[in-house]
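The chains carry the letters A, B, C and D, assigned in the order they are written, with residues numbered from 1 in each.
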């Protein structure tokens, strides 16, 4: 796409003038330390080009974006059996809410709210050791990105485990409804580590090519599966801000409290934006703005011809 | 698209062998009378072709599909002012639920649940007479479909008004939160009439061309607006079955309890399917099956390249 | 009880020095006009004595206290059949909440939240004209108080009907679950009139003797029924402030947004306190304080020997 | 009270003919083993008499009845500071519900639902060792009952800990809202042990004399505090069946899933009934029937003169 590289630089420059960057997640001490006034973007195009702007080479914690990768991994292992334990509907409630879990007796609404992601990780473990499940996710991510340098930030993982009361509560709740197979601490540890995967915008955009079904990218998952994961990202990827994100941006996306957002323009591009400050729903504030501008400029909305 | 006409005939023939057609909506007496073992489909293609199969010329009550047209009409009048009164998020609850309305103090989650559609109709009325608002919707629908024969079935409208306690409750609830401008009975009457618009699959598919942005179709709304309405249909169009519909079908759609579903394949086609029996979410049972089969055959999912 | 008359005067004098009287209900225009800095109390003792202090002869709108009288009247007509349509449990939610009504499919939790009181009034109507049901309530109240001067303030009734959107919403919700027999407007009108009964503290205390089972008072209801109504007042009489009221005061009570509270000390006294300003739960602020002081002074808590 | 001893024998004999005894709690393996067809009752009268009937000397697990004793103990230590962390309102939801805890951000509605009891136990621990807190409860119970033979059934405590996922979930939820001071496992262990206190009807009735304020009973708590605990038992003591229990029985009571119910007739008697089978709310089925019959026979309802 002609001129996109220049436009990305222009948008990043404009983003840097933001009055309000939002605040980094404060419930994970390691994340709270990150300088909020950073912004980066990287795009992998269908013709194999890869362009970026701003802090596109700064590694950040992908956090909930990892839910996409653990979902892809577990669907590869279990196929549709997963859906007996997790739904596919937007929840209409906050990412860490327990209300619907009570109403629906322990079956989380979708794999992108915390309860659903914990069940997904439990299913991926499937009685194996945490390091085996983590290896599987890391293999998927590295192979998809064609980059073996991607790693887990242990300090963030430990920081997360230390403040994980809400997730622990969700785990025991799932267990009380017999929707957990492995010990809660094991699932929590595995989950904390997958959330602590560190990537740059370039790495994240490359790993997203499997969802965008970019020709020439490593074939990690079937296109049938990629389409369905994209659908879940569209309806559930930004927690209770998903509808508005679809309305404004028009691309499947998955956000993380580290400030990253992975965006998928099927057949056209895989996009990663990052800025650590969050809005009230836990999604990157400047990142969402940037995503909307890119969608406007490129016309890549899946809802356009 | 080569072979689609034949495939539609094949799919309709297969659909006719369904063991379980679902049950027509029983809370509106006039709809309960409809023979459930009917199924039709019509497709308007980007090249101007129009094909159909099965009961594609049988008129049916579009019911909630009218919410798309009233939304398009009111956005044309008010623009983004509407969003002060209605949200854009999936509700995670049933179409006639009042729970979230209490929690969010009278601001409906989106314009496609009943509470949100009632606010939309109230905004369209804007102090005018019901027939003026209805004329505006009818003008939009007829012009979009290029068919002046489309009309309102008065018997259905009356039947609906007679059993409208839940909607009346929602209206007074909105009023108690000062989110209603016109008298409840006036909004209810207008709403009952818009829901009672009767169309065939062919007519509905033609009117949907404005959302699919098919070249040559009458330009009723801007492409910017069409994209955003499509996004809302994707995240909220099938009530609390929206996530699953996006997962299985991958196209923006809006269902009605009359058994119709309008599907949008941006730039490619506008599709209408119809079969009166409903599933547990109030969406057409055989219609949803047919939508999924068509999406599979054509590969038109917006989540595919 | 020796010294009580003097103590009441002392307490009223202390109450008059209140810094914060609370605010009168503002959703009913006629009530919003009332001067909040008023306070009265009247007590009917088991020995036939009747004592009072402060504004004990100023008439006020009894509002929700009327729910006690309509309940007594309908139990007289229907007996336990009422409980098929209304529960006997505290709701844990606000007096005008619709949430539980959705969860429990149209069966209100108890007769003292608005939804339950509307069902009670509907049952009292039982196909009759509003004036017949109202006559029955008025007969009960007047006979219990031995005072034919008690009347309905029509201006308040009209004022209430004019701002009754929430109650109308509840009525149609009940109707949608088939838990309403009479037309909603008829129930609403009857309910607005019963709430607009005007009484002084003296009159209210006298009418409460039937619940306190004071010897010599007119025998309006059986002691078995009185006990059960007292139990409901204890667990549900102050909306979602009932538990705290039981904890602090220890007497069955029923409050109204007019600022009155009827208190029952079985076998000992019937008490009415009144002060128009409300706390956050919709209960009289100074009235609750006064009730607690009286309970402390007299030791009449039902939870004491 | 003349004839009560004989009436108790008569009622127990009638109870033994019950068609439906209900089912013992099945989520705690040790309790599920108990023979459901047992029923006992003991009464301590104001004149010092103690009478019983049926299986009044069979020890049973008091379970949630222990919440009354831990509350009494912690109020003795902390006084009203506890109420900053726990409310005093009926919850309107099941005993192990987490819904309101989310809505009210980690402050349980009252000390008798599980979440509130866990906070109470945490407050009693107050940084001490579990055995110190347990000693304090045991001292209170034994001194109140004047019986040093009361002990904790370790097998039940272990059985409970092994199936405590829901309570663990509640504990971490409380912790996530900063309403827990001690480690969750420590609170859980202490709580499991207090619930596993084993008593006979005679022992339980004797320990309840402090709440009934029976002359001559050991003075363990002030009458002011006893009154307030009685009020909480009345409004919250039988979970979401509390309103109905007050309506039918008219006495403050606290039930446990072991099938026991402690009843308080202030100034008159302390009563313990027991039968292991439960109704749908988790309260003893035959025990509730027996409680109602005793209240009818004695006329001790606090709502009667």
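Definition applied: a contact is a pair of C-beta atoms (placed from the backbone, for glycine too) under 8 Å apart; a residue touches a chain by one contact, two chains touch by 3 or more.
Remember, it's a predicted structure, so these values are computed and weren't measured experimentally.
Chemist: Over half of interface residue numbers shared between subunit B and subunit C means same, under half means different, so which is it?
Modeler: At the contact between subunit B and subunit C, which are copies of one sequence, the residues are largely the same (over half shared).
Chemist: Which of these pairs, A-D, C-D or B-C, matches A-B in more than half of the residue pairs in contact?
Modeler: Answer for A-B: the repeating interface is C-D.
Chemist: How many angstrom between the C-alpha centroids of subunit D and subunit C?
Modeler: So the centroids are 32 Å from each other.
Chemist: Roughly how many whole angstrom separate the Cα centroids of subunit B and subunit D?
Modeler: Taking the mean C-alpha position of each chain, the two centres sit 55 Å apart.
Chemist: Starting from the mean Cα coordinates of subunit B and subunit C, work out the distance between those two points in Å.
Modeler: 47
Chemist: Hey, what residues on subunit B touch two or more of the other chains?
Modeler: Expected reply: no residues.
Chemist: Should the pattern of chain-chain touching be classed as line, ring, star, complete or other?
Modeler: ring
Chemist: Tell me, which parts of subunit A touch subunit D in their complex?
Modeler: Touching subunit D: residues 97-99, 102-103, 165-166, 168-173, 175-176 of subunit A.
Chemist: Provide the residue numbers of subunit A that touch subunit B in the complex, in ascending order.
Modeler: 87-93, 100, 109-110, 212-213, 223, 226-228, 230-232, 234-236, 240-244, 246-247, 250, 252, 264, 266-268, 301-305
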